[in-house]
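These notes concern the structure reproduced below.
The letters A, B, C and D name the chains in turn, as written, and every chain counts its residues from 1.
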């Protein structure tokens, strides 16, 4: 990669502390398949954080795997999952959910976030039983695919509605760290655990080599869950690799420190871009920002920086996505801002 | 794990050289999803080893994942895969293959190995089309689930038969290193590539933290393969983690050195046990051995060593499985032999 | 059913001629599973009609079955099917397509019909391979779920586009008879066969007890198709029941006569309603019409007639769906019109 | 079919009484999808017969459909179904069960019948959770695929064992009529309902054009069952066709009369063959018999009669399958016996 990366939050390896612990523990023999001491310890740290001693916690290697297994384990064959049109499962998982037999009911959402009215419209439109699928789960991402975040009252409303209507609420937390450390965030990890039925904590995009921690609080989803892990190839022989990383992230506040750093870098970028009067596709408090630039400017930037061109806005402007991470150094951000000036 | 482990070959972390390279490369930015420089380099090393420049190579996190993706990508819905009754996909994968919609035709095999006559009997018994599945793939493991290995002429016979009958031949190589370094082995990695349509090289059980390298030589299986990886959650964001490990294993002969060490430790164990006139369930040249002991002896051993009790043999005897690995130290083996003596 | 039925086209048994032939042939022994003389004869009649001697033809019991089997047999696991949002597979099949593992890409369409631009937008939006499904088939219905029909030039455009882009074109013909006999239709059954890769001819909604004839002209979809029938429970033991009905429908022009009658009845209804200045949700030349009435009028009508309230139009008006069939008698239509007057 | 059919029990159309009722009711309008008056009436007749007023009953078009829907609706993804090796789902359904994602655990059985010890051995062999599937249902056929039948005490033992171990017991009753009318049978339809969780009553092979009545007594299988019917294309638009046939079969004793006739014809055949000292592959009291003849004799018979050659017995002998039905006339049976003599 010759360009400076603002493309994603998984271009480096992992936080050095993780490598240290991997090295320290390397030759200590452990049981396989998640029964190792580190996985047990990591579960304990997370249970304490969410203030829920009986949550079931499983570590898997990636987000698509987490999504497909949670959904396949939760739904019966005729049940569907509701997601916003821009939801990761709806766009970027090569049909992973459908491959487990389930329909996704797409809804527009608002700024990437699910609204109670979205869910309601799906339920209202699915009255012709048994000719239609039965919506049974609501999938949300926090932060969302376009960097927005749920406020506590928003999640409370979704949660209350779902419980009232017998729907599971599932939060994809591939970027949950960034969401929980966002400016203005009023959600805690314990709130997330309390308000959802199942969610996961993303390690891959927040400093781990790989790994997501699935947290299940709803008893009916807990039942026989390990079988589903195994059936989809997610029961890692050396589960220690995943456990150790979550020990490193949750033994102290590393998980939150890394996310806060990523957000801070994004915030500096966004502030400077805004100060130059560039508009944004959407306001985001997390580590993904979506400024709108003239295409000529984008072309200049692209010679030095790697990023996604997200969406054409008009004939001469597009929104780009800039992503920062735990590993983004301040000088990169500063240089980007300088470069933006020099291009003027 | 308080006992000395002879239970499996995935109780430690990874060979130290892997940790070194992970640390060296940690902050170098790379593209995601297997497009990183290390994965490209590892593919090149393997292509050279198998003497096949146009093989497609993909790295995934585990064996069940490799098995289910290869099979799902190769077969149409009505096609089945033939495996010996003791085959991993037939026993220990929680229905992973069936979950992708495919039937496994179980056959007895001989000492864990597929015979041409096994395949023939399935084909002969599936003439009542379209009321029966259409067998289309043969799945074998090398080494097998009970530690035996294919000789070159055996693999040639299977390969010729499969090609004649239009069947794909797929080798599960979770323990391929051990097979290729076994006493008496006359197969090379290049032979395996030439005689099969698709196979994989197991890293997890031979010194890696996790990772299997799927090698596809048959063009019809290559087509669109990455979609299947993604659909099953196997397209790792930080593919570098897998690539780096296979660089470490294949840049020089580390992969073979580690397997040879494991085999050597098993050979010493087996020789000493044989010298004490204990019988074996099956003769195995690889890193899994299956001695038969009196149950009283097994009870004594189990106080100090961790291993699987594999199979009851008669009222007072059972076969146990002892597994050695790249990390098994000679003093462990020596001590086991001494302990066996002291128990006499 | 105490009310007069304008709800659907499957409320009666079958055309009496079918019962006659069933009785005549009842005790003649025939081979099972579609190998009977009647099925062979029916296939021959249809092949002549479509002017395609090498089409593969299979009879199945219903439309959902036809849809799910054709799609499952045509697509590989990562491939998707494009359908308009109102398409039957997208709404009213309880997730049947997803249950075979495939994603449906919904598009808005226009008056229930697929546009080339709809397909194009899906292809354009699916460039991020392999993270997204691969669109491979286009599903259309003729007549559509809202009674509209494709003109020849429309089908030609879709067909040319699909062939250019390597997409299968599949026509759901549950109401194909009505479409081909609609006022203004310029498509023949032979045109449909030539312009699509696979389609089916609906018997259930056009005078049969049950039965759809799947016609496959694309060789790659023909391959091993009977296995897919069997796997989904659609290989009827007494295939004669289906064959006999299609003999009755296609030996002479009964299939078209029945559809023309249904259309005629709908046309009289529509003409009279239009003459009273009621608007319509959409102009339809087939056996489904969608007049808009004040809710008070609908309430009056609903006391005597059975029909679907299709869609709320404004605070005081809704569109209803009136469906006529081969069995709708003219006096029913006349009475409905009289009643509509009397309610004024 | 130029030969006299002793090949199967579905070579004719249906019992004439069914055609009569179809004709009588043909133009009476009815609701679709199983909500018609005839289906309701048929359900009532069956509920009375089984002495279970709250059984859920659904009519589907064939046996494979019944099997795959019952199993898919009952099991979660990681659960499996136990069946004897010769079971229909295990051999002759083109992978229909696996296509819904479920593994079948094959067991040897005895004379085609499941033994408690068969089930026990599967449970004993599946302790390594979560690496193996979880057996959850036992599938049996009555009469079996080789014509044998369950006695009441045998079914009671299976039932008690299954309930004790939390397994569903599912009876495939494609030939249930023949079983219940077999010489020596001591099971009633009510016994079957009481001792199983779900079963079906085969119409197709006992005088109907097509149709099987699925009877569900276990509440957990009842839940949302119609969705599964729809999802697999088994919710017939003109459900009246199925309902009417079961009215005809169960309004009085027609169902049992037809089965008794088939058995009687088979009994005469078997008695005469036995009297000529030909051995049998297995003793069967139902409408399928398996005499063993010299291959020369089989060749002679095959010129005039259609039947399956079932199994080679030795170098010069094979077992053939002769099947009688409700429609087999006595003169056919008599002639077969005469011919057998004349060939001597």
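Operating definition for what follows: a contact is a pair of C-beta atoms (placed from the backbone, for glycine too) under 8 Å apart; a residue touches a chain by one contact, two chains touch by 3 or more.
Please read all numbers here as calculations on a predicted model, not as lab measurements.
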item	value
Pair joined by more contacting C-beta pairs (A-B or B-C)	A-B
Centroid-based (C-alpha) most distant chain relative to subunit B	C
Distance from the mean Cα position of subunit C to that of subunit A, given in whole angstrom	42
Geometric centre distance via CA averages, subunit B-subunit A, whole Å	33
Whole-Å gap separating subunit B and subunit C, where each centre is the average of the chain's CA atoms	51
Shared-contact residues (touching 2 or more other chains) in subunit C	77-78, 93-95, 99-101, 130-131, 133, 227, 230-231, 235
Subunit A - residues contacting subunit C, complex	77-78, 80, 91-95, 98-104, 106, 128, 130-133
Complex interface listing, subunit A residues touching subunit D	72-73, 76-78, 100-101, 129-131, 133-134, 224, 226-231, 235
Interfacial residue positions of subunit B with respect to subunit A in the complex	1, 5, 8, 10-14, 16, 19, 22-23, 25-32, 60-69, 93-96, 99, 204-205, 209-210, 227, 230-238, 240-241, 327
